[in-house]
Amino acid sequence: MFTNYSQMLSETLTSIFKKLPAKSVHAHCDGPCGVYDPSSARVTAEAVLSMTKKLIALAPAGNDQASISAYNNTFSRFVAIKEEESQKAKKELLILWTDYFKPEHLATYPDLHDTFWKAAKLCSACKVNIDQTKAEELLAAVQKIHSMFWSSKGRSDSWVTAS
Amino acid sequence: MFTNYSQMLSETLTSIFKKLPAKSVHAHCDGPCGVYDPSSARVTAEAVLSMTKKLIALAPAGNDQASISAYNNTFSRFVAIKEEESQKAKKELLILWTDYFKPEHLATYPDLHDTFWKAAKLCSACKVNIDQTKAEELLAAVQKIHSMFWSSKGRSDSWVTAS
Amino acid sequence: MFTNYSQMLSETLTSIFKKLPAKSVHAHCDGPCGVYDPSSARVTAEAVLSMTKKLIALAPAGNDQASISAYNNTFSRFVAIKEEESQKAKKELLILWTDYFKPEHLATYPDLHDTFWKAAKLCSACKVNIDQTKAEELLAAVQKIHSMFWSSKGRSDSWVTAS
Amino acid sequence: MFTNYSQMLSETLTSIFKKLPAKSVHAHCDGPCGVYDPSSARVTAEAVLSMTKKLIALAPAGNDQASISAYNNTFSRFVAIKEEESQKAKKELLILWTDYFKPEHLATYPDLHDTFWKAAKLCSACKVNIDQTKAEELLAAVQKIHSMFWSSKGRSDSWVTAS
Amino acid sequence: MFTNYSQMLSETLTSIFKKLPAKSVHAHCDGPCGVYDPSSARVTAEAVLSMTKKLIALAPAGNDQASISAYNNTFSRFVAIKEEESQKAKKELLILWTDYFKPEHLATYPDLHDTFWKAAKLCSACKVNIDQTKAEELLAAVQKIHSMFWSSKGRSDSWVTAS
Amino acid sequence: MFTNYSQMLSETLTSIFKKLPAKSVHAHCDGPCGVYDPSSARVTAEAVLSMTKKLIALAPAGNDQASISAYNNTFSRFVAIKEEESQKAKKELLILWTDYFKPEHLATYPDLHDTFWKAAKLCSACKVNIDQTKAEELLAAVQKIHSMFWSSKGRSDSWVTAS
């Protein structure tokens, strides 16, 4: 910023600036804020499981037109919410994988890549199907990542779900 | 769906359908999945506070063009992230206010509206300024809502932050 | 910005800067642009009502596979649009509530919080169901907020709908 | 839906279905809800002009670090809001152009394409620069489209701005 | 930035700054990055055609509840994906029209506006219906724009699809 | 859908339905449309490199207030666009990793996970800094993935950039 401006000023003020220590702005962290928390992935995975169960249980209240339209409205919305929450779960997991975990973690967690890849594929599977087993596997995968994450920070936070 | 179709079929099959009980699809819940959790608001409020502190601490590494551009790049990004996280915090809080809390909660929490209104206004204040006091007040407001929320469900989950 | 830079310059140029009056950038407004207008909420509430009516009137053109697929395509899209417009209506209303209205308005509009809470809950109800009564109540709630808003600015803009 | 199902039923019920008239679901409208309103574009164009003016008027309250950071925070946010509102203005205008206006309107409005193209390019110009003249030209272009739109519907709604 | 600051400094440093040549930042381009490429529109148009074909071919695996729910889940998702990809195709096309093409291109491509208008309307048609002919027309329209675009840059890139 | 309805009809029509073959809807593909193409990642990586170069070259046209504001407007926008395009590049790459590539590809591409992890981290690095080397490494990583992708489909599409 102020290319020529600062250039000229720096020529004028060289003697002063030479004394200043160069500071490194991003020493320890390539992420923006450093607030990583697997609870975001956990909440969305719980929502995926909840929507999956509700879709399985869903049935029209009657066979009149209004009941069937209500049923279709709900079915269509629940599929869309399941889709969105699966997508968010995937996104939250991949933020942990690409931004939080670093090469030095690979020694401690040699199955890091595989764990995240399978968890991400479970998110896709939960979108494509109405499959309670897959939704439960996704929640279990998030729990595994929860443990991996907190152990990497030297904490052992317990796993508490909202539902 | 199948207006004329089901109409005609129902005429044909009236005697069968009459036996079916009408089921209510949305008995207890006007939200989609029932998985509410104030941890989403908490994570974003933590991020707002983190970005605010980082913005206050930020300084260019030197007065050469590259250092100043790096500084401006980071400053501009941190403001954008603070903006986005404040917006998400507000959104997460308002989901609790508009979807989770119901008229019957007003008796127990008479300051419900005021609590959420002030918390939402703190989100705006954290966007508009770089103000650590406001960011800390926001986190405190989220903690108050955390307690309110879990007490309304008969739980007393402790307040655990990521940072 | 320019921590040490401006610090040093300010030492050099102190005598000049001391004469400058401090200006407050955000005197009267915590919002970004000051252009609030309930017409955004009105347009979306009209769209919610329109989609609700169309969903109620919708029927397949025939019972062949193509007609039924066309019907399902339209039904599914209309539910998604109703969802999106209800969500936008809620968002636009909550911007007015959290950003435009200030504590000093509470004396004039003591039911401010309750009005917005109910309007927001109507947005949710319009998503969850295909319910023309709720959609009409939502439009009426937006009209009430329209009057509240313009009266707070000393104007009495008439209520003109697009449809 | 129910490919084989409806196929078989239709064989059984052919005599009934043959009497049904085929209905066209989308007779007059290729858009989803039919609620078009140039007020959405108008509100965003007003916001673009407002932010542009505020950016021109913006100055730091002092030359201390806190004032300059506050200034930069606001400058950066206002640019982002100007960007977003310009983008929304463009989007709202293009919805009118691609979805509302039909080939039969070209006879009445032979400069339809050119009007929208120039208006869209003004949105881009308002992003790229801080240019009050362009922002005023954009608002004037939206006003022209407002008149064009309402005259095409046989209405002559007056032009009322929020600010 | 630094209103009074730079104003005062410029008074002090006038003699130096007067020597500096004014540089134009946006000489040839009103877009942000100059990387335009119709392949983004092509990929989305291919996806629209793919989803349209899959919707036409879709049928439930059986008439048990699970098969029909699976069918409805997939149908509903495919409609949503077709919607989203059609919307993206439209957006990508309109970026080329509003940002890349300039008034000087009108002499060479007198049907520029009409070509993009029809292509955008095809995107809408692909949303509203499940119509393979329209989806193929959309892909053909994108191919025409691909040729127009590259010829305007003096290149003749061949048309290679992913599927 | 139609739980009891189809249940009853299926009892009535069992003899007919038993003849129908069960079809598998998602035989070879867990993604929605099967149209994968690394060109989407390539376009965004090109944009990241372009914005990075433009940021490095950027300088104010003069030291008057208007020039400096114009400079800051452009700087701030370019950072935001670099951020957005880096994010899109990451998203497009991770779609290939999580949805296109399958366990059976690991034998042929044993460095699959590592390649994508590093490419994703390069996207983050391009956000955090203004670093032309990283932006060029990102484009090279996308080119490697382009070759990997097309070879997995038995094609050898050449690498053609837009700029």
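The first chain written gets the first letter, and so on, giving A, B, C, D, E and F; residue counts start at 1 in each chain.
Going forward, a contact is a pair of C-beta atoms (placed from the backbone, for glycine too) under 8 Å apart; a residue touches a chain by one contact, two chains touch by 3 or more.
Because the structure is predicted, anything quoted here is derived from the model rather than measured.
When the C-beta pairs in contact are tallied for B-D and for D-E, the bigger tally goes to D-E. For the self-contact between chain A and chain C, the two sides draw on mostly distinct residue numbers; the shared fraction is below half. Among the remaining chains, the Cα-based centre furthest from that of chain D is the centre of A. When each chain is reduced to the average of its Cα atoms, F sits farthest from chain C. Centroids built from CA atoms put chain F at 17 Å from chain A.
The mean-CA centres of chain A and chain E are about 28 angstrom from one another, to the nearest whole unit. Each of residues 1-5, 9, 13, 17, 20, 26, 32, 59, 63, 68-72, 74-77, 80, 128-129 in chain C touches at least two other chains.
Interchain contacts give a graph that is no line, ring or star and is not complete, per the touch definition above. Interface note: chains touch in the pairs A-B, A-C, A-E, A-F, B-C, B-D, B-F, C-D, C-E, D-E, D-F, E-F. Taken in their complex, chain B has these residues touching chain D: 4-5, 8-9, 55-56, 75-76, 79-80, 83, 127-130. Within the complex formed with chain E, the residues of chain D that make contact are 1-5, 26, 30-32, 58-60, 63, 68, 71-72, 75, 90, 94, 97-99, 113-114, 117, 120-121, 123-125, 128-129.
By the touch rule above, chain D contacts chain C in their complex via residues 1-3, 6-7, 9-10, 13, 17, 20, 22-26, 32-37, 39-40, 43, 46-47, 50-51, 54, 58-59, 61-65, 67-72, 74, 77-78, 81, 85, 157, 160, 162-163. Listed in rising order, the residues of chain F touching chain D in the complex are 6, 9, 13, 16-17, 20, 69-70, 72-74, 76-77, 80.
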